[in-house]
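The next part holds the structures, each set out as structure tokens.
You will see chain A twice below: alongside chain B first, and alongside chain C after that.
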Partner chain A sequence: MKVGTHLKPALLMVGLYLFLKFVMPLFTAPLPASLIMLYLMLTFSGIMIFMTLSGTSMESFLGPIFRFISGDGQDGTMKMARLAVLALFPLLVGWQTYTSTAPSTAPPAENRTVHPAPPGEFAAMSNPVPNTPENVMQGKGLYAAYCSPCHGLFDGKGPASRGFNPPPANFKDPTTIAMLQESYLFWRIKKGGVGLSVEGMPWKSAMPRWEFELKDEQIWKIILGEYDGAGQKPRTWE
Partner chain B sequence: MKKYQFAVWCLWLAGGVICAVGVAVSGSAWAQESVSIRAMLTKSVPADDPTASAWNSVAASQFPMSPQVHWPTRIQEVTVKDVRVRGLHDGKQVAILLEYDDPTQDPDDAAAIEFMVGDKKAHFAHGQPMAEVEGGAVNIWFWKNKDAKALDMNAKGFGTLKVQDQQDLKGKGVYQDGKWKVVFSRAVTTGDANDTQFNPGEFINIAFAVWDGKKDPASGDLKEKGSQKAVSSWWYFRVDPQPDYTSYFYALLAIGLAAGFEFVVIRKLRKGPSA
Partner chain C sequence: MRNHEASHGRDLGGLNAWGLSVAGLALLAGLLGLPVTGWAEEAAGASAQVSYRDFPQLGGSRNIIWVIAQIHLLLAGFVLGVPIFAWLCEIVGWKTGEKRYDKLAKEFTKLLTSSYATTALFGGILLFMLIGFYPKLMNYLTDIFFPSFVFYCVMFLLETATLYLYWYGWDAMQEGRAKVFHLFLGFLLNVFAFFIMVVPNSWATFQASPVVIAEGSSLARAWAATWNPTWWPVNIHRLIANVVLGGFICGAYAGVRYLSAKSAEEREHYDWMGYVGNFIGVFGMLPLPFAGYWLMREIYQYNQQMGITLMGGFLSWLFILQAMLIGVLFLGANYYFWMGITYRIPGAETKYKKPILAMLVILLLCLGVWMTPHSLVASLEEARKLGGTHHPLLGVFGVMSAKMTVANLMILVTFMSFIMYWRAGKEETATWAKLARAVMSGVLGVAAIVVIVLGVWGYFVPAIVRINYFSVAQVLIVLFVMLTITPLTALLLKSARTTTEMVWGRMPPRAGYALVLNAVMVILLMTLMGYARSSSRVHWHIYGVMRDSSEYAYSPALGYAAAFMSLNTFIFCMLVAFIFWVATMGDKAKAGHGAMSAMAGGSHELDERSGR
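Moving on to the complex of A and B:
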């Protein structure tokens, strides 16, 4: 028997697991456990197909495994290893069964839509305030007074932000105002968290309903200041 | 040769264990954030004793606090940055312990717990009316140091706070070493439609508020009062159900089946010509 017959597949499986678990998240989002499991299963199936292509390869791959399990002519450490594997397998199955059937102590999963569709009247508005340095400056002044306690320096990390869930939006993040139109921001600022539709879970948002305290013109100026300060451009109709 | 063979099997075993543990750990990572508080089942509830040793038997959940900025009059900075929360129940009484750091003990120090009441979702800020969704009311448990008691209240929007006619609540606070420990307790279920009812095993929303009753030395005004307070978002709370042992039974059954499977496979291998 060649050692590589089993060492190579074992190393491949372990290496693949370490790669999926620890290396992949450096380039992309962490992979879900179920996806890692799927990749490992596919690899295992591939190894099994490859190793059982011919009678010789099958014997050299499966023969030692079968002899190990059946315990033919074993002594010393091999005997101990076999007993350990035979004892561990049912325990692992039992543990898996327990974890999958144990009553859940986790709270219900939440499926919040981050950017639900605005009401029709807010869909096609354009900013009536010209994008001049003066208006941007005024907008930034209003932003500092009204928005920065939570939204901070356009990064969502203001001094008042820490207790809120969902956290205040980070405008520097390319998935927030950069992919939204100015009219969307106007709606969110004017109507606040309580103006969200049901899929936006309005009962959780701390965003004030600024229409009671700010004029429309001030809101449009804040929007100019917000895009400028965050270094983003509003999405436009292509 | 046998030495290598053993090494190969150890590798297989290690690979299997790493896979199983890795998959289990990454699967449970979602639940590790402090998003909920469970009232654990116990024999007797320390309903009016915030310092009872029974509280040490349950782990605290910690929730961050923010200044109340949703509605005027706002506040930009608050004293209390986190609350630590524990829960206990005995099937009849449920008690919730809030613990937080406060450098000074003041008569106007106060704390509150908020729940949704009824079948409609309520906004975390006093059940503020929502534009697109019909919201519900909230049930607020309010304790104040100088009153030395807790009040059972309801609200549906700012300015609508009302003390209930039927008071079902107990509350007691103890100040020690720069920390407030405040315990609220109530029957798990009451006959009052204005009260939140706790259905064991079911998660419901919970939020917290804290007022530092310190006075500004220059003006004599309270630093935090009314809507000027530290608040939390909605989190989750449940009264734990009676223990359920069926999963242990399933696990034992699975162990038996797996051992039986091994037995059959080994027998087959020993008998079979190819083995």
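Moving on to the complex of A and C:
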């Protein structure tokens, strides 16, 4: 039995876990447990695939494990170790069952959809305001007055942003407004957080419902200014 | 012996013919019922007021339709996919003179004939259920599509007649011009099958992206409704998916037969058949993501609400599940290829260990990206630390630019797996072999780099540039690699010396299980996407035209839907297993009891015989 056959995969799994759990947060936001679990599962699958590609590798990897569990020809320390594992395993299952079923005060995991589908009446709209330098300037002015306190210089880091969770959207991020059509933004600005559908968790958004403060034309101008300021282009089909 | 076989084939065929007749009658009765409902509406007016009927005892009309429609669609996918490669196998057998291809094609066709009646039967049941549960919707669809109903019936009759000739004439039309005519029948079978697929596709896609014209003849209205924006994308996507489904199901069939084989000959044959099934499945799977991408693009362009509901809204989680299933499929298909190298080519294990490890790592990295969602599942505490459910760094993996890039890379890796398998056990003797290998490596390396560069660049250009140019370029690059490396490899191998003969029938039992797993994954994928396609209409029977006003006008929760997907997959697998069992009962009886024990019983006889 070669120690490396089992040591390398074990080190890989532990190393990856430590990296994802403790090293990555040093550079960026921490990863949720669901994502760490996903990556570990993938790695485990990879190990199993590679180690069972041939009869030889399968025997060297799984053979000792099977023999250890079956207890063939064991005595002394190995026998005790086997008994310990066989005793600990049901306890582990019991602990897992207890922790997953015990009543808890923790809220359920959050599964908020960042970009839920817009209502039908907004889906087919197009911006009626021409994209001229003048309109863009006016849009930026309106943005500065109404949006920048939270969304800042289009990066989601306005002076008021620290008070919100989830934080205001970062328009410079290529996975936000660059993915969306202008009519989507019109809906979000006009109806605000309370206008979100259930999967968007309207109770989670502090975005004001600007239809009470702004005219439609002003909202369209803000959209022009927003895209221009963030250096992004809306999704179009032409 | 030959007479006995032919006679047995007739017996089975008789069973099919009987089943087909019943199914045909059921379908005909259903179709005849369509105008009747229209007349009743006109004459009495009372029945026209009925919009819905229900059958709550079996979980409600929607659930019944869900199960029946999905089973029918899966069966239809198999029945329409199998003739494509059965015919191709027959051509290969005819051109090369290798009888095993002809035998394989015949065996595929036998599975086809036994599944055909069941497919038609479920089609008939579906039609009755639809007419009963949704009379208003069916009246509307009949009003628009009646001309295509007639066309569909004609195609169905022609397909059935051709299938009879194709199957029953197999042994009689083996030589000379008769064989050519038989091949022509196979071609016709595929042509009619194609129309049988695209016509109902127009009804289903009309519901998602309707084109309604108020004026014109009934033919003009039907034609306009047929040519709706998502019709062709669905046609292409389903055509390819049917080949994939058919390939992997035949692979699974071969896997099961391999596991239960009791003689060396049987094991060799079903090992080879499993390889062909897996190859066909993989071959179809390579262009499938492109077709799916095109379909989603058309849906999004047709209606932003529908596009976001699918790609970013409440159905977006289905695409993470889809990534998981496709990932398992890619891994399963490659695993089977790699095991083929290790077991079928003695001595190849050490030689190919490193390239296999490299390919596995790339596949897993790509899969990790593909499976990373844009909106993460996080506890309240985690979400606070994250600042929402959108990770600032890994969030970039959640969008299409990343997904397209890794999908293309996975396709490239899988293609190279096949090339590696193809070249294994051979020594290239051509004088230009070194140059060819350098060219192939160069093409592959440059292609991979360009695909990644375009993927990253895609974040910094307007969405339309990424969709229309970058994604298309990525696809074309991958196609270019395939179209360059495949003929080059074929040329190289033409003069190559075989150093190690491929040995069939030595694969371990897990290879058989891998083939079954692949088939289950494809079926699960189809049930998953069936739910996605249907749910994307949300509360509309016909999007924006006819609203669903029944008590079921809500989208079922994802967990509930997942349970139904599993149920449908299970029912379909049981049904296919039963059909195949019936179809091959005679073969097993003829083969008798072999000398070896079946692998499925946990026997290690194979390992002992092969010295492993």
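We adopt the following convention: the second predicted complex is superposed on the first by the 130 of 238 C-alpha atoms of A that agree within 3 Å, B and C clash if a C-alpha of one lies under 4 Å from a C-alpha of the other, contacts with A are read in each partner's own complex, and residues count from 1 in each chain.
Note that a contact is a pair of C-beta atoms (placed from the backbone, for glycine too) under 8 Å apart; a residue touches a chain by one contact, two chains touch by 3 or more.
No experiment lies behind these values; they were computed from the predicted model shown.
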item: Which of chain B and chain C A:Ala33 touches, first, second, both or neither; value: both
item: Contacts of A:Arg235 with chain B and chain C, given as first, second, both or neither; value: second
item: Which of chain B and chain C A:Phe89 touches, first, second, both or neither; value: first
item: Larger contact residue set on chain A - chain B or chain C; value: B
item: Partner chain in contact with A:Pro118 - chain B first, chain C second, else both or neither; value: second
item: First, second, both or neither for A:Pro107, with chain B first and chain C second; value: both
item: Touched partner set for A:Arg162, first chain B, second chain C, both or neither; value: first
item: Chain A positions touched by chain B in one structure and by chain C in the second; value: 30, 32-33, 106-107, 119, 165-166, 197
item: Interfacial residue positions of chain A with respect to chain B in the complex; value: 1, 3, 6-7, 10-11, 13-14, 17, 21, 30, 32-33, 36-37, 40, 64, 66-72, 77-78, 81, 84-86, 88-99, 101-103, 105-108, 119, 149-150, 159-166, 191-198, 201-204, 206-209, 213
item: Residues of chain C defined as touching chain A within the complex; value: 301, 303-306, 308-309, 312-314, 316-317, 331, 335, 338-339, 342-343, 349, 353, 356-357, 360-361, 364, 367-368, 371-372, 374-380, 382-396, 398-399, 459-460, 462-464, 508, 510, 544, 607, 612
item: In the complex, chain A residues that touch chain C; value: 27-35, 38-39, 42-43, 45-46, 49-50, 52-57, 106-107, 109-120, 123-124, 165-167, 173-175, 178-179, 181, 183-184, 197, 199, 232-238
item: Chain B residues touching chain A - in the complex, by the definition given at the top; value: 1-2, 4-6, 8-16, 18-20, 22-24, 26-27, 30-31, 35-36, 38, 63-67, 69-72, 76-77, 81, 121-125, 128-133, 135, 201, 203, 230-236, 238, 241, 244, 246-248, 250-259, 262, 265-266, 269-270, 274-275
